[in-house]
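Next, two complexes with chain A in common: one pairs it with chain B, the other with chain C.
Entry: the complex of A and B
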């Protein structure tokens, strides 16, 4: 790796899509460790990440990775790993072959690339499906694959766009551990999410985006002080909604529970304690939770509070 | 969780230069092009069937009785220049080259490449090169099968003379269709319009406008390469051969464009030069386009 420190810097970064403003004069600095990029859908998170990865060119301002502009700049990309939001696959090609190819683009030889691909797939828990095509993977396995391809070449700047989206609780725990270890190793890790709680656990610092602007940034404690005890809306997908709803009634901070055929919707005023309770409850013989989904409306309410 | 750091091979030296990453990207492009065996079998089967039918009908005609060598040579020559070359070359480019880069965009796999140390233009050139590596042999199948099935006493050099028009034609048509794929959301449709409406119209036009058609240059190479061989078997080929030396007077360009006369075939070197120049310009435009545009790659 070159001597330039691993960091992401944006200076008055703006992006228009035609007449729609996607990002409005955003200035942030992201250094070593895990940083959360938070905001409701449409806040500009993906636009920021795509600008940072060189997929888009800024309309105004600039973004720098390790001191270099990323747009069509292969030199700096050897230091970057991206877990994109969108799913993409080469139909019928084994995930090991895809990842070995992508790693070879970093200059590794055929054999080294294959070994690195296998190691990265093993690290995210896909070591048993090396010869399966990504097209046949479940949503959770695809997320793991996307994380593996972001890490295989040992980048020191790691950008993760909604990496925990649609995962079951066990996969969330596993991948959260991987992401946290990246930050502990001193890499610059930027994780976007529209789930406040999800990133709170991972990130040392967070940046809140809303309507294309930076609303707040800082450590968890600094931002928490700006927020009231606002209830968090959570949706749990399960084959046994009624049974799960009953068990969630006495979970910490739960103020409302409702069910439908596919799952349980609830509001909690103590997100951290609630999720700890959920982690204990699910493996302890409770009904299976197949996915945890955020309630966007409430998160947007939190952001509205911040904009007051 | 295990950590990768202690087990890793040393990082490679940083890739540098325009061609950094070209090798793996080219090899992967070949794998993608050949990775669907059923599709390739169908394409090759159709190509071989077209060639076989042309060869058989040129010898046996509609009646099924075998014609003399002279008549068969004339019919095969007609079939090659009127049907096989003007269709096989652009079709191979459309089917196998047009999507070489644009498929990475439409299937969003480009997102994995934009964050790798490979320049966008290098990826574009690698995918194009891989696609034409597959398309050229496919486009050679119909004329060579036609020659083989006809079984006429032509010299071996006749088959070799078919290679330049096919190779240079696929390169030029491929570069243009690949460019259209990189430029437009529905690049295949734009390619179809170009191949069959624009180039097709110009190749049938009169006067100098014909020279704007790629097919005209492909056929120039064909005529300059094989007319003597076919003419040795057939008086009709000799009398209808249009392989007269080209002559352009720049002062007469407008009158030539407006003329109803068909223009002469180009000299081989000038036809080859035009096709190579078109290839180079189209590739440069395509590489420039992909290097400068945004790729949001939304789901």
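Entry: the complex of A and C
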């Protein structure tokens, strides 16, 4: 096993299931920090995860974890922690025992595995139910347990498949905090989700998959800048919304203007020209603009643009 | 030097450790040994072995001193043959009774070996660790043979050693030499049982995620085999031979029955059972085949794990 940095790299990665194309020449790089893997059902997220976890052999291209191909490569799998989407645990066995067993598979001794299991369960907030069987856990606790089993052996590549599915707001906040802390620690964390706003708060970067292809990758702002043909939504906060709205009607590329008590919402097809116009117009005796807010740089909007 | 946005955190986890198949095997042995069913079966087997051991002691040790020597005289060669027959009779009794317990043990505890992993969808969690499908299959495939081997071979070998120890002074070595074939008989029974029952149970356990269904199917096949064998007793030729192979418990007993029959023959006694015992090579091939099939099935199951099922 090499000591190469924790990275997931896919180079023209393709996978066919018979005549069905699961993944089509996907090339992405995922480094330290939290990265989102986004796409609707059937986009190829699960295929990508299976390939990244070494459970499938690529039809074409290759995927590398820390510089090594994961298929049939137990050495590199020591560094990987997977939180699968589906519930997976022995329902009649205490969570500490299950986790200790799974941790032992990484080469730890019995005592060490037990300590690591306890630490991981404590980290996800299950430290008070070490001897409770997983079968008695609520949905939120099972999600926490799945995350704990992915972390117990101290991996530096963490792959999370829909980790926040079905959680209440409190549990969602807790687990989001844990996931973000994993990224802050310098681990390479890949979070797959089809619920865009979940990833929005977690991931610094996102990879959009659609019909087996990479639609876009980068930060939300980067992706948005790549889409000049789509109108940009901007919200301007002002004490005089109606006056400002009238002035903005002549701004370049503006195709829609609406107002409310606090400000003006605009759609422009020429963002750069619009902002130039705004910079000229506002100081020139126009109504004061107290804040300029990006109205649609959320992932939902970006994805809507991308797949339209 | 590579500079990353958030700084690279070097991997600090385990780099070595025992082979994965050993960890799978050991963890499953420990888990099964802690089950109530296994404890009950162990107690039953221990009681059975102790009971047969006491009878053997009465016959060979204590009884010999009190009754038999006076009647038989002091011919050491005949005494050794007599004790060898007593040992083989005890082994036959023990293994015939223990077979039932071992079959139950295989069904009750072995049926969940892979079925539990399938039901819990734990295979996904296991296969994304440094565990190859081969490691998983090997670890699982060795669990039940280990239990069967130890529970079959150890009591038999203990009886062989004890009967030697109970001999008159200076005769111990002579007895072990006279009964030097008995460890082979014990090993044959143990290996046949350790191959056939676990192989079948593994095959069934990896076919369904329901432990109850796996137990039921295994019981149906193992006890159904007795019925098929019963039919085979009335059928001649190759077909009859094939039918008689259907009972795995009788197959495992074949070496013991044959050795016992030959020991009785030395005293001019004949046993009608021999002609009806299945051939040992055929039983061995069947046991090995079942274990291999069970292993391959588990290996295949582990290979086809998916992240999102």
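The criterion applied here is as follows: the second predicted complex is superposed on the first by the 221 of 308 C-alpha atoms of A that agree within 3 Å, B and C clash if a C-alpha of one lies under 4 Å from a C-alpha of the other, contacts with A are read in each partner's own complex, and residues count from 1 in each chain.
The definition used in the following text is that a contact is a pair of C-beta atoms (placed from the backbone, for glycine too) under 8 Å apart; a residue touches a chain by one contact, two chains touch by 3 or more.
This structure is a prediction, so every number in the text was calculated from the model and none was measured.
K.L.:
Looking at the combined model built on chain A, do chain B and chain C fit side by side or clash?
P.N.:
On the superposed model, which is not a single observed complex, chain B and chain C clash.
K.L.:
Please indicate which partner A:292 is in contact with in the superposed arrangement: first for chain B, second for chain C, both, or neither.
P.N.:
In the superposed model, A:292 contacts neither chain B nor chain C.
K.L.:
Please indicate which partner A:151 is in contact with in the superposed arrangement: first for chain B, second for chain C, both, or neither.
P.N.:
The answer is first: A:151 touches chain B but not chain C.
K.L.:
In the superposed arrangement, which partner chain does A:49 touch: chain B (first), chain C (second), both, or neither?
P.N.:
Touch status of A:49: second partner only.
K.L.:
Report for A:209: first if it touches chain B alone, second if chain C alone, otherwise both or neither.
P.N.:
A:209: touches no partner chain.
K.L.:
Which of the two partners, first being chain B and second being chain C, lies in contact with A:251: first, second, both, or neither?
P.N.:
A:251: touches no partner chain.
K.L.:
Figure out whether A:6 sits in contact with chain B (first) or chain C (second), or with both, or with neither.
P.N.:
second
K.L.:
Check the residue A:187 against both partner chains and state whether it touches chain B (first), chain C (second), both, or neither.
P.N.:
The second partner, chain C, only.
K.L.:
Looking at A:120, would you say it contacts chain B, chain C, both, or neither? Reply first, second, both or neither.
P.N.:
The answer is first: A:120 touches chain B but not chain C.
K.L.:
Answer with first, second, both or neither: which of chain B and chain C does A:57 touch in the superposed model?
P.N.:
first
K.L.:
Select, from 2-10, 74-82, 92-100 or 164-172, the region of chain C that bumps into chain B once both structures are placed on the shared chain.
P.N.:
For chain C, the listed stretch overlapping chain B after superposition is 92-100.
K.L.:
Chain A residues touched by both chain B and chain C?
P.N.:
1, 50, 53-55, 72, 74-75, 77-78, 80, 82, 84-90, 101-102, 104-109, 149, 154, 185
K.L.:
So in the complex, the part of chain A that touches chain B is made up of which residues?
P.N.:
Chain A reaches chain B through residues 1-2, 50, 53-57, 72, 74-75, 77-78, 80-82, 84-90, 92-93, 101-102, 104-109, 112, 115-116, 119-120, 122-123, 149, 151, 154, 159, 177-178, 181, 185.
K.L.:
Please output the residues of chain C touching chain A within their complex, sorted ascending.
P.N.:
2, 4-18, 20, 23-24, 27, 31, 116, 120-122, 124-132, 135, 305-309
K.L.:
Using the touch rule from the top, collect the residues of chain B that touch chain A in their complex.
P.N.:
Its residues touching chain A are 1-5, 7-9, 11-16, 20-21, 24-25, 27-28, 31-32, 35-36, 107-109, 111-120, 122, 291-292, 294-299.
K.L.:
What part of chain A is in contact with chain C in the complex they form?
P.N.:
1, 3, 5-6, 31-33, 46, 49-50, 53-55, 66, 72, 74-75, 77-80, 82, 84-91, 101-102, 104-109, 149, 153-156, 161, 183-187, 204
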